[in-house]
Every structure is written in structure tokens, then in C-alpha cells.
Amino acid sequence: MTTNTRSNPATASLTQKGGGKTSDRAFSGLALVAGLLVLVILALILIVTVKQSIPVFQKEGLKFFTSSTWIPNDPDGPDGPKTPQFGALAFIYGSLVVSFLGLLFAVPVAIGIALFLTELAPQRVRGYVVTVIDLLASVPSVVFGLWGILVLGPWLFSAYGWVHARVDGIPVLQTIFGVPASGRVLMTAGVIVAIMIVPIITSIMREVFATVPTAEKHAALALGATKWEMIKGVVFPHSFGGMVGAVMLGLGRAIGETIAVALVIGAAVQISPNLFSAGDALPSIIVRNWGESSGTFQAALVGCAVTLFLITIIINYLARIVVSRAEARLKGAAA
Amino acid sequence: MTTVTRDARAVPADLRAGSISTRRRITDYIAKSLMVLALLIALVPLGLVTAYVISKGAHMISWNFLTGRIPRQQTTAGGGIGPAIIGTLITTAAASALAIPLGVLGAIYLNEYGKQGPLARTIRTMTDVMTGVPSIVMGLFIYLTVVTLTEKRTAFAGALALACLMLPVVIRTTEEMLRLVPDELRQASLALGARKWRTTLTVVIPAAISGIMSGALLAIARAAGETAPIVLVVGITYRPNWSLFNGGNTALPALIYNNASSPYEPAVNLAWGAALTLVAIVLIATLIGRFIASRYAIKER
Amino acid sequence: MPDDDSNPPEVNMTNVSDRQQINVAVPTVGRGGAGAGPPAPSAPQVVLELSNVSVFYGNYEAVRGTTMTIGKNQITALIGPSGCGKSTVLRSLNRMNDLIPGARVAGRVAFHGTDLYAPEVDPIQVRRRIGMVFQKPNPFPKSIYDNVAYGLRINNIKGNMDDMVEQALRGAALWDEVKDKLKQSGLALSGGQQQRLCIARTIAVKPEVILMDEPCSALDPIATSKIEDLMYELAFDYTIAIVTHNMQQAARVSNKTAFFTAEVDENGVRHGRLVEYDDTPRIFTNPREKRTEDYITGRFG
């Protein structure tokens, strides 16, 4: 017995729309647009920056990446007007050196803290430690830069002098730890960056360590292993992928760190193996010169930005994949 | 009835504390000490920075300092950071007004509609990637679009750049919170005849609101401390400027950056005072956010 | 209201190993033995009619070929072992299966003669007429008052809100316990009270039918007994369908019982199906199908 829905008085109301369905669709559409915004912005950034950097690539081609001669238009320079040349190699070098130094100092510390939090710390202490790490993460980069240039730099300068004196005569070391130019050098930037990336590396490592199956940890301990032996034998092998991912994320963050580095790196366009010498990095050169730039110079700075953007995107993307793959494998194994 | 003997001689040798090899014990001890050392190493910079900012900045703080104008000459003493505080307030507020609603909506799309679909997964990954975009690139992007088009540097341009930086953070934290809301609540609301949008707005969001707010506060704290975009697109001002759209502006981080490498002591003192103010603002926002999160967290039932 | 405490339902199951007895003692039917459910007319008006209803999740046929009716002001119980599709069938009555991606209903579910799955029917409207109470109490994280008022507000039901809330709470036998704390959070109540709050929330919008999906399985025996008393009262005003895997409960409260079971077909795939549907006394004392008899005597299930 089929009754037409509308003509059945008992159920006529079931077909009233009351504008409900449209409101549902409008809302979900709105939410979708908001979600797509992320993709749109990223795409726009890529398009706009690449487009604006074209002039410098037309001029320099691939030499932009391979040459370290950087002479912006400077008609009133000390040696008279020069033809502008834009080779960003010095900045790529600087960014890489500072980032690797940062990782060198930050990764062991981050591993130590993450292990402390997951394996060693009593429950009550954990909360405080996490708060401290969060506080460290919340200090603005510019404040680190200010402290770095006014306090840490001068301090480290004397430390550099001490180190240089000690290694004088030893072949490789005396080049790396050469004559300190001042407190504003590559090494100082590395130290500051290290301080700033510890929180993010620590937090990812903590997540990864936490997914190691407790059953296996207990099995190791039940065999009479010490805590450290358990960590070496169970936690590290399981977490290796995740740890790599965490390091990569730290690297991405380090390369993008702008202001603190800009203040303490010394602003010299040069490539030198001496870690105690000044240098410059991709983000720093941009922030320092943007205001007075125009024409091809500005395009060159945008070119630096494009390089920076692509490097950080790629590193971040790969890092996320590595971390999620490692965590998925762990969770799958533990399930 | 046997009595428990506490005679040490009765404990068999291999259960005694000394039986594990010395080398293993030492290694274990060293490893544990290194972990604690790592923690202390991380504490040192935090402590030092805090100590210096307070000691060098505290004596600058006064009502005049907080409201006074920024000296045009770096050699002038006795200025204030009023315009920078105003600039920070209006850019951060405008950025939040843009990023927070859009971020929450985006998270709603990801958790309530898109879920695990291909588009949603792409957006999720790209959101994570977007959190890693350096702030300088964001500032540059806004400059090349907004500032070039409107031919002026304004606080609004800065707010746009900050909003782009905040957006992925808000989306991520909000999505986490929405995921914690038990599905049964949604079902209960739908079973009463509520539409999905209504369910989302009147049941799901209120249930997750404390987590959303704390995530938003953390994003705001981050935005308040960003320097590079401000330096690029907001211009400069020495007088208080409450307008988002007219004339250049400044903000605390930009002021600190400009003065940090100055050879003149008054400018440097200004920078320390501004740093203390900025740290205080960021700290308060962070602490409020964490407080809300811990007090009102969704309890897993 | 019958005093249930003086006559607790008897369960007298024979030993499983004893397979000789066919006429075994089964759960005592009805309230104090006086007959199940409120006095029902000999030919109750049919409110919901299922004709050969199957529910698919993708290609998997979870329940097949269900044909039964639900009568006005009656309590109809759906019983059976786990995984036999009783909840699935229940959820198809108020189109809650729509929420599961890939879920599909074949056959006809008629509400007062109208096919609920006809294209022009709006599921939201269906849910306003056919309400649902869930297994785990799921009050919203709002005040008791706002929980009950929620359905009224979203459906724009006019009238004195306070009165309607009170009426609903009285109808759910909760008013006396909460009348002084209407502003307190619904989550602060005990489990049994929370479930009655969910019932109040459901009846506030005055649906015609109340579907209950194992409403007592998360509650202690005293709370359970209070809700069973409540069901008896509610049946005077509403039509009730309840899924339960507690046979004694079905025997106690329902007028009609539908027994479902799960069978494995030749490919090793489990499907649920309706085995027998009849008046409750009949099902529990003299079932037609052997399967039914095996289940209620505890031989399996």
C-alpha cells in the first residue's frame, strides 16, 4: 500500500524542507572553502615569488646558485659603480652551516630531554619539564636575537679566542676554529638556532618514543637489562625512523629561522671554512636589505626567498612523511 | 609460622645490589646523568635570557615608557614604546580575527566533512607543511601582493601576513580538539532532528571550545612575536597609529630588531624594555592558554 | 505504578546439558505476571511497518529480509545474540543509518503508510517524529535545562520553555531529583539519571515513536529497573521499540518481541535475519521456531 507522501496527512510534514538542506550545504561549502584556503595560499606564494624572481634568473641563470659574488647595485660604492651581480651561494652556504651547527648541538640535547621525559622522569616532574620546554619555545626569536647580539656574542667571542689559541697548530682544526672575527659569527648563529630548535625536536621525539610498545620495554627489563640497555636495545631501534623525521623537522625550522640569525651572523658575504668568521644566510639577507632594494636586486632577494621556500617545503614534507610512516608502523605493530 | 628474616647474610649473592657488572652500572649511570644534563643545558639559555631581559629591561618600564612615543633619533633618551605596543595590539588582533574563524572552519571541514577523503588528506598534509614556511617568505609574499597593489605599507598588510602564519596552527590544534569530541554527542543531536551544521555549531564546537581557545591563544602568542613580516610590510612610525589601513605602523618585535644592532645606548635600552614587554605579553597569552586547556579539558568518558 | 520491587522477575533456566525438556521454565512474562506492557487494543494501529527490509553496508548485507510491524502505544522488543542486526534494523527506522558511509536500505520502511526512504522525505524531519535513546547515556556538556531545551530550540517549538522542560523531566521521572539544580551540568548526574535526562531530552520534542538501543546495558540494576518502570509509563503516550540483549527485560516490558539471529552463509559471511515475531508471552512460552526456543532457553546465544 503505497501512499503518496504529500497526500498522506500523517506524514506530510516529512517532506517539508524548511530551507534546511540548503543551509547544510551552504555551511559545508563554507567549511570547504576555508580548508582550501591553505592550498590556495601555498600555491599563490609559489606562483608570486617565482614570477617576481624571474628577472634575476634571466640575468644570472644557474649562476645564481653557484656563484658567491653578490654585488647589488651600488653606484656610490667606494670603488665606483659596479655591474650588479647576484650569486647566492654564500647565503646557501651560510644557511646550511648554521643549520647543521644548530642540529649538532640541539639533537643530542633533544634526545636526552625526550628520553628523560619518557623513561626517567617521575610523574610529578614531567609536567614541570614540559612547561619549561614550552616556555623555551614561546620566547620570540627577536628576543633571542637581542640577547644573542648583546650578551651571548661578546661572551662567546672570548671563548672563541680561547679555543682558537688551543688548536693553533693542529691542521684541520685550526682552519675550522680560525681567528674569531667578533661575537657575530657563524658559530654564534649556530648556537642560537640550536637553542631555538630544541623544543620542536624534543616534542616530536617524545611522541615517537611514546609509541614504543611497553610490552617490549618490559621484556627487556625483565631479562635484567639496565634502563640504558633497554633504551639502546628497544627504544632506539623502534624509533629510528621517527628520530630521523624529528631531525629533519628541526632542520627545516633552522633553515627558516630569520631574525635571530640576522642579528648575530655578522652580515658578511663570504664563504669561509672558519666557523668563527662572519657570514650570511638566505632569510637574513632578505630581511636586512628588503627596504632599500628595487629592480633586479629585489628580484635577487625574491630569488633567495624562492630557494628558501622550496628547501623548507621539501624538507618539511619529507620529514612529515618519515615521521608518520614510522609512527604508523609502530602503532600497527603494537596493535 | 615462618618469620621473614631481614638478615643480610641470608640474601643470595646474585640478588644483591653489587652483582651487576660495574661496567654496566657505570654506563647506565652515565647515560642517566647525560639525560639530566641535557635538561639542564636546555634550562640554562632560558634562565639566562629571562634573567637578562628582566635585569636590563625592568628599569625601563614605567607608564611613560609604555605610552610614550618612539624617539626619531636613536641617540635620544627617555622615549617610549607606545606606538609599538599599539601596533602589536592591532596587528595581532586583526590577524586573529582573520585566522581564528577561518582556521576553525577549516578544521571543521577536515574533521566533520572531509575526514579521510583524498582532498582532506592533502589539505592536512599541506597544513603541516605550511607551518614550516619561514615567516620571511610569508612577509615577502604579502609585500609582493598586497603592498605592491595598494602601494602602501600598513598594519593590515602585517595582519594578513600574521594571519597566514597563524592559520595552519589554528587548523591543526582545532582539528585535534574536534577529534576528541565523542561521536555519541553528534549522534544524540542528529537523532533529535538537528541538521549537521547546527550539530556542529551548537554541540561539537561548545564541547571542544576550551581546547580551541587554548590553541588559538598559542597561535596568537606566536604571531605577537613574529618580526620578519612586520619589518617588511608594516613600515615604520614613531607616533601611535590606531589605524589598520592608513599609514605605516610598527610593532614590538620590529622595534627590538631595529634597535638591537644600534651603537647608541638609549636605543638599546629601549630594545630591552620592549623585549621585556613582549615577553610578558607572550608569556601571559601562553599561560592563559595552558590554564584553559588543563582546567576545562574534555575528559575521556 | 506496579511495585516492582516486591516481585522481581524470575529467571528459571534449565541446565544447558538437559536437552530432554522442551517445556522449560522461561523468564516470567510481564509486570508481576499480569501481562506484558500497557493494556493494548486487540488490533493496535500500525505505526511502522517493515516489509522485507535489508540493510547493506557497501556490498555486505548485514541484515536480510525483515518483515514486522510496530504498533501504536506498544513496546516492541528486538532481541537476539550480538551481531544479528537488531540495532541496524532499529537505526533504519529513524534513518540514522544514513550517517554510515555506504549504508543502504532495501525493502520498505513505512511510517503511517509513507515510505521513509522515498526521495522526497527529509531525514531531519523523520528524526523529529521518531526519536532515539542510545546505549551509553550521552547528555550534552550543557546544563540539565539546556539539554532538555536543546531539541525545543532547534525545532523552534513555541511555548513556555520552562513549562515544557519541566513536563519533559516529569515524563522521564527525573523532575523531583533535579528541579533544584537545573543549571548544573548534565554530566554531573549519575549514569541512570543521565539516561533519564536523555529520555527527557528525547520526549521534550514530543516524538511519536521512541527508539531505544540497549538503553540499560550501561546501567546498574537499580537504575535499569527505574528505566523499565519509566518505559511502561511512557508507552501510554508514545510508541516504543527497544533493542535489548537482556531477555528478561524483553519479557518484562514488551508487548511484542522480535527475535533475530545471525547465520553464516555458504561463503562464510554472517548475515542477520529475523527469525520470529510475535506476542511476547507467545515467544517466551511457546515459540514457533526451534531457533527461538534454543535462544530463550539458553542453549545458545
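We just call them A, B and C in the order they show up, numbering each chain from 1.
Everything below uses one rule, namely that a contact is a pair of C-beta atoms (placed from the backbone, for glycine too) under 8 Å apart; a residue touches a chain by one contact, two chains touch by 3 or more.
The model shown is predicted, which means the values in this text are computed figures rather than measured ones.
Judged by the touch criterion defined above, the protein chains are all mutually in contact, each touching every other.
Just to note, of A-C and A-B, the chains joined by more C-beta pairs in contact are A-B.
With centres computed from Cα atoms alone, the innermost chain of the structure is B. Chain B and chain C have centres, each the mean of its CA atoms, that are 49 Å apart.
Chain centres here are Cα means. That of chain A falls 56 Å from that of chain C. Between chain A and chain B, the centres computed from C-alpha atoms are 15 Å apart. Chain contacts: chain B has residues 195 touching two or more partner chains. Among the residues of chain A, those touching two or more other chains are numbered 20. Residue positions of chain C touching 2 or more other chains: 124-125. On the side of chain C, the complex with chain A involves touching residues 110-116, 118, 120-122, 124-126, 129.
Across the complex, chain A is touched by residues 20, 24-25, 27-28, 31-32, 34-39, 41-43, 45-46, 48-49, 52-53, 102-103, 105-106, 108-110, 112-114, 119-120, 122-123, 125-138, 140-141, 143-145, 164, 167-168, 171, 195-197, 200, 218, 221-222, 224-228, 231-232, 253, 256-257, 260-261, 268, 271-272, 275, 278-279, 282-283, 286, 290 of chain B. Of all residues in chain C, only 94, 96, 99, 124-125, 127-128, 131-132, 134, 136, 138-142, 150-151, 154-155, 198, 201-202, 205 touch chain B in the complex they form. Taken in their complex, chain A has these residues touching chain C: 1-3, 5-6, 8, 10-11, 13-17, 20-21.
On the side of chain A, the complex with chain B involves touching residues 20, 23-24, 26-28, 30-39, 41-42, 44-45, 48-49, 52, 108-113, 115-116, 119-120, 129, 131-136, 138-147, 149-151, 195, 198, 202, 224, 226-229, 231, 249, 252-253, 255-259, 262-263, 283, 286-287, 290-291, 301-302, 305, 308-309, 312-313, 315-317, 320.
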